[in-house]
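Common to both upcoming complexes is chain A, partnered first by chain B, then by chain C.
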Partner chain A sequence: MELSVFRFARRTWASDELEHIAPLPLPKMATPAVVVSTLVVIALLLFVSVGPLLWRQDPSQQWLSQISAGPSAPHSVRLILNSGPWQPPAGEPPQTLMVHEANTEFVRLQWPKLDGVKRYRVYRASAHKAGLGLAIAETDKPYYQDQLQLSYQIYRYTIADADTGLLLLARDVRPDAAMSLFEAQLQGLVPVGKVNGRQQWLTLPGHPLGTDALGRDILARLMAGGRTSLFVGVVAPLLYITFGCIFGAIAGLAGGWVDQLAMRFVDFVVALPFLLFMILFRVAFGIGPGENGITPLIVAMLMLSWPGSARLIRGQVLALRSQPFVEAAKLAGVGTSRTILRHMLPNVLPMILVAFSFAIPQAIFTEAFLSFIGMGVSPPTTSWGALCNDGIKTLLSHPRQLLLPALFISVSVLAFNLLGDALRDATDRRAGVAKA
Partner chain B sequence: MLKFIAKRLLSGAITIWFIATATFFAMHAVPGDPLTQEKAMSPAVRSQLEARYGLDKPLIEQYQLFLNNMLHGDFGISFTQENRKVNDIIREHFPISAILGITAVLIALVGGVSAGTVAAYYRNRWPDRMVMVAVIAAISVPGFVIAGLAQLTIVAMNNAAGKTLLPVAGWGGVNHIWVPALVLGLGTMAYLSRIMRASMLEVLSADFNMAAKAKGVHGWRLFWHHQLRNAVLPVVTELGPTIAGVTTGGFVVELIFAIPGLGRYFVQAVQQLDYTVIMGTTVFYGAFLVLVVVVVDISYGLIDPRIRLHSGGGGR
Partner chain C sequence: MLIWKAWCKAVAVSVLLLWASLSSAQAVDADKAKLTLALATEPPTLNSAVATDTIASFILAHLMEGLLVYGPDGELAPGVALRWELNADGARFWLRDDARWSDGKPVTAHDFVFAWRHALSPKTASQYAFIFYPIKNAEAVNQGVLAPGELGVTAVSDTELKVEFANPCPYFLSLTAFMTFLPLREDVLAQWGGRYAADADKLTVNGPYLLNKWVHGARIQLRKNPQYWHADSVQIKEIDMPYITADPSAQFNLFRDQQIAMAPLDTGLLSEAVKRGFDIEYFHTGSLFFLEFNFREGRITANRAFRKAVQRLIDPALLVNKIIGLPGIQPAYSLFPVTVKGLKAGFREEYPVMRVTPDIAAARTYLRQAKAELGISEIPPLMLLAGDSPRALQEAEYYQYLFKTGLGIELRIDQQVFKQRLEKMRRGDFDIVAAAWGPDYDDIMTFADLFASWNDNNRGRYNNSLYDRLIRLAQNSNDPRTRFNAMAQIQRIVVDDVPILPTYENGALYVQNPRLRGVRRNIFGGDPLFRYAWIER
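Up next is the complex of A and B:
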């Protein structure tokens, strides 16, 4: 007797007919969407777990010489030993605007002394943009050394008369990629106190996806950020769905006034505006110095997100309690805990799984939203949302810095959503088959 | 019906009380206190300020005061902006958020209902596929990314035209509304079109639709009276949560498009830990959202009498 009950209970998926004991045909789950999204999820997990082992750059290391550099930025740079104040060599002044030396540490310009001009004004613009650009200096001498945030691109320098505003000379300049000795020593590329020769070439580790506005490697940051995002995205739902299930199961199993009271409480928690209270709880928990802010985030999510699964499970438990096979198990003398574990749990498990797979993208979104408004993880810990927050500041000049983390968020959310859809369809179909 | 309305209003009021209480105690659990600043404060100044904000009283008394003030619609004075009442802040900035939000909801509603209907009419053909792909894309891309992309597009468009066709950010003219509202409504639109598609499919295969067709009803009348009216009901129920989503989505959109709405103000207050503003706006937003849900519930009860009969579900 007991044996047949077990067989039955394990094979029924929310069925209400007793006589259906024949094994259920497994639904066709391997649709193209499922295969692709599963592969994408695996790829993402590998990217954040194995990726950092293969790509060993420190995500918080700053390359001062490579601010917002593109993927094609040169790998070998010149080592600049001396970039102090500069004076042009004595001799014949040049006929036109002359470039003595141009690299990304400094650009040294000299031009002929022009009659009637007391002060010169130097403008600098990116060559592909119209206009004079930034007025970077005013000087009464016919030479200038520009050291103002140079990057690896073509600049157009214009010399004007500072008093009349008359434009005098202009020239396009392409600085070589370079790095100062100080930075090279800071990065450990050059041993301190061991420099010989006037010039030296350094080979840098490349940045396949470029660097961000602080000169950090975007690929390494995407890996580090992904670890946070996926961690929060998986652990938070795991915790709150578990809690919600236990809460709902207790309410459903106890019944009576306990159930009533518990469900009233659930109603109130559900009524709290979610993101508003996420922000509020994040503020309330606070982040101490040196903390990464992941724990408060997860706790806040746990406190606000559990009611959905509690309602789901309570409803299921109430429905299952009056199912013939549960009553049969009771009649057969199966204990309460055994009934729950072996007869009820297998029946609600698919539903929990579906809820879980839909909760993951939501949690990733929530984390991204909070990190984006600066209420998520705190630096130097980063996440895809925090990377988007960094990226939106340089959106107009370097859209890549926003689009790359955004792409990762979108792809992972999409993959988990498709997976959830497929899981739901599969369990639905099973239930449908069982009912038919 | 009256009993139904009274019940919904009562549960709404209790929910607002719960929100206010949760807000109050959450804010008082914050480590440190609101008067801690970088500059050291003399004890005299400190006690003055504590008295001014009522921080010298015991917690229970502060709670009573807070609830009492809230019942009178008084949210106190801002901590970071001296002498600025939270009420004034809400009064000044909420209308902007409301205009943006209403436009966004309207765009989402019209767009979602039409896209869902088209998808259902052309089920499994290319219009349906296109709509569903767009829906999945809009659901998977975070709002702040869409906002950023929209700004990039505007900049590229303005550059190509050589003049300002649409402003990139800011607030003031009618032209400032459209793009942020569209961005804000996009996620909701996708969600609504999904619901609309499902419910329209159901209506299209329903018996009453067949009956109407068999009677010779066709064209606009069939669509408007028999199909749309029935299919749109699930969309109406989703309006409450939708407005909540648009409200919180507004935080980011207002931040990116530099719109001086209450959402941006709330985010700034949170970043600056302006306690009274956080409490005031949270309770205000919470009460607003609860009221919206109650109003939607009641209107739904008016539209569809079946809802009233089994309305034990409580709030959302």
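Up next is the complex of A and C:
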């Protein structure tokens, strides 16, 4: 009896199975999310770098006559020479509430002296709003000069008896746009020293996003603040990821007790509290009050944030070291440096890139947070976080001053995160398989 | 599952109901004559001998009564003292015999003698010990040179108190209304020692209210004192302060929800309050805000021409109207706020101050002069020490901008919390400091002697022999005209030599429940004062 020789059946590959083995194409980079986030990142970088060249306003210039003003176009204002204390001219008292002069530097009111009224209370309200508005003063004289944060709008003034609350007189007033001589000289619009007696008109630049509580142009401040925020956001991760990679690579390549020692050191650094060390670094650097805290901020981030990337790279290097292709290269007599350059680096690089792109939004956010609590930049330097800190004081009356910088922080953090996500998808082939 | 959900809902509803019933405390309750308020912070202590802050002053004004008190119109009125006599050598007080402590014992002259000796004792280390210095031997007793028995205060009988002065003190009557001058019970203090007034049951009071409840950090409750000699006149029976928060927004929200009867306002809340149609009230707190220069060796700010340059640059009116932008806050031009009393009317009406007009050209001329005198070509960066409130920072950034554009000087802002700022001021660790001073007693001297060379609160170490001489002259005189003439000269020195640069006189803005009437906003003697208040139905 002849036994048939046992043979393996010839395996025929089904065509659909072959596709599994064939190398998968890399996921497409140009997904809408990536395109949009890249464009946003580019736009932000242009905004902070080219922006100040196009929008040439000093971010720390305080337009005292335009405190917390809304968006405005360039306009001309009258120069006011005499904005000191005022008394109405002697003569016949007016029959009703009379406006001697009305501009955004002062509104001069005079009214007839009424019998039986000891003290007058002056109310001021926006003409298009109901109610008396704000009681701006109490006076026993039948005239008043209002200089309190006037802006270019119609006001309604109401004079009342302060004791009984009886309303006596009311009138709508539209002040002209104006600027005092002192401010014009301060801003350099009028030469100091020579006072021209004639009335002058000055042209003021517009503020497309309005001004903040000190009359500073918000657009210019967003650009200046973005410079600080993005500078910290890019430089700090660049430094600490580089350091972390080198540290992790050394640990992974050396192995043994060096690796053990290095990793225990990483554990130690992870345990250090960031905020506390941030404050300690400020002291250690001799950063006096009122000086910029950007350097200690970056140094603190460099010294405390690197362990994450060090662990990542060490793990990857350890895994690569025992890979057949690396062992083959070793057997073939390839030198260490060439192994690293030819085999290790190309396999680690995508990871570094991904870690970097995720570190940027984190750094932007850390800077914003520290500036918000007053540990970051000090005035007149600003950043998006510091702008938020300024804006929160006027949140109820002028929410724009908080929302705009907050929007920029959110958009930039989101854009960098999306970019990092896309980058990870593109470089991680296993993730690609899962998706396919 | 369903049952479980229903049960959950029932619990939640009942918890909510319970919460609602607990927190239904109304701002004002006319039936119970009860008032609910929020407190900014808890008083660090209620021991009148060592208390320094305004919160303690507010609560003590309701718990205790001194020899004299501030009446419903802010005038000095009889308190424990029924009548008194004041001359250049001393004062005499005759006490009413129906004044009682909360445990029923009578308030005697001995309680005052003990309290004042106790406050002056070096062991007590009261920060306000200096306020007794017009009394004979007070300074020596405070320094431990003389025994407390040597203090010029004697109880002639249970109802008669005699005070001898070291030098004339025409304002002594207003001093007796100050909290450090309040009486203390020797036996109660001995019983509790260092824990005196640390809890509601550890103090005895003699004023219109009793400290009914004190949950530390959470609640203070005052209730009408039936033992008080004038209890009939006290109309509000209970003052409850179940919220302790310094956040003006939180207090404003409580006010809006009718939980509390009064709330302070700041810039951000002003427009919100206007929009809601609340009546906004303000009052002059009597305090002065100013920039103080450092006169220590080697400081640029010790140069007069430099200070004059700053004076011509900073316009108080511009700061108040543009930067601060709150009604009720007034620009300051003098060391003495408008609330300071003069001979008959206000001091400032009788002795108007010279107003310096801002002028950039003049400021730059002065700066050139300063540089020439100092022999430097460039002014190094200067340090501006400022508080940590939002307004203080805004102000500081404004000065920073003014210095940069107006004079080309870099100003660095050193923002510090209150305690740290005081410490830095004491050490002289600043070039310019944004400081403030609130009056302690109702006399011009509370401001005037601030910059005498021997005053500890003269943080810049300003030393001007003419200034010192004028203060000594006023302190040793009992003639009002001589005193006020000296003060007018001091006012002129402050404008001319610029030891400080006054910026604004502070006003407090607040909203108040319209049914609550008769509340006194006081510069002295506890603010706000509900002693004379009532609730309208």
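Convention: the second predicted complex is superposed on the first by the 356 of 436 C-alpha atoms of A that agree within 3 Å, B and C clash if a C-alpha of one lies under 4 Å from a C-alpha of the other, contacts with A are read in each partner's own complex, and residues count from 1 in each chain.
Assume a contact is a pair of C-beta atoms (placed from the backbone, for glycine too) under 8 Å apart; a residue touches a chain by one contact, two chains touch by 3 or more.
Owing to the predicted nature of the structure, the values given are computational and were not obtained by experimental measurement.
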Practice task
Look at A:Gln187 in the shared chain and tell me whether it touches chain B only, chain C only, both, or neither; answer first, second, both or neither.
Solution key: second
Practice task
Have a look at where A:Pro399 lands relative to chain B and chain C in the superposition and call it first, second, both or neither.
Solution key: first
Practice task
In the overlay, answer first, second, both or neither for which of chain B and chain C A:Gly91 touches.
Solution key: neither
Handout entry: Which of chain B and chain C A:Gly374 touches, first, second, both or neither
Key = both
Practice task
Based on the superposed arrangement, let me know which partner A:Ala271 touches: chain B (first), chain C (second), both, or neither?
Solution key: first
Problem - First, second, both or neither for A:Gly131, with chain B first and chain C second - result: second
Exercise for the section: Mind working out whether A:Leu148 is in touch with chain B, chain C, both or neither, as first, second, both or neither? Expected result: second
Exercise for the section: Look at A:Gln62 in the shared chain and tell me whether it touches chain B only, chain C only, both, or neither; answer first, second, both or neither. Expected result: second
Exercise for the section: Enumerate the residues of chain A that count as touching chain B in its complex and touching chain C in the other. Expected result: 288, 374, 395-396
Problem - Residue numbers on chain B that touch chain A, as the complex places them - result: 11, 14-15, 18-19, 22-23, 26-27, 29-32, 136-137, 139-145, 148, 151-152, 155, 244, 247-248, 251-252, 255-256, 266-267, 270-271, 273, 278, 282, 285-286, 289-290, 293, 314-316
Exercise for the section: Could you please specify the touching residues of chain A with respect to chain C in the complex? Expected result: 60-62, 64-65, 67, 84-85, 125, 129, 131, 133-137, 147-149, 180, 182-183, 185-188, 192-193, 213-215, 288-291, 374, 378-380, 393-397
Practice task
Going by the contact rule at the top, pick out the chain C residues touching chain A in the complex.
Solution key: 249, 267-272, 274-275, 277, 279-280, 282, 315, 317-318, 321-323, 325, 327, 355, 357-361, 364, 383-384, 390, 393-394, 396-398, 400-402, 404-406, 412-416
Problem - Interface residues, chain A side, partner chain B - complex - result: 263-264, 267-268, 270-277, 279-281, 283-284, 286, 288, 361, 365, 368-369, 372-375, 385, 388, 391-392, 395-396, 399, 402-403, 406, 409-411, 413-414, 417
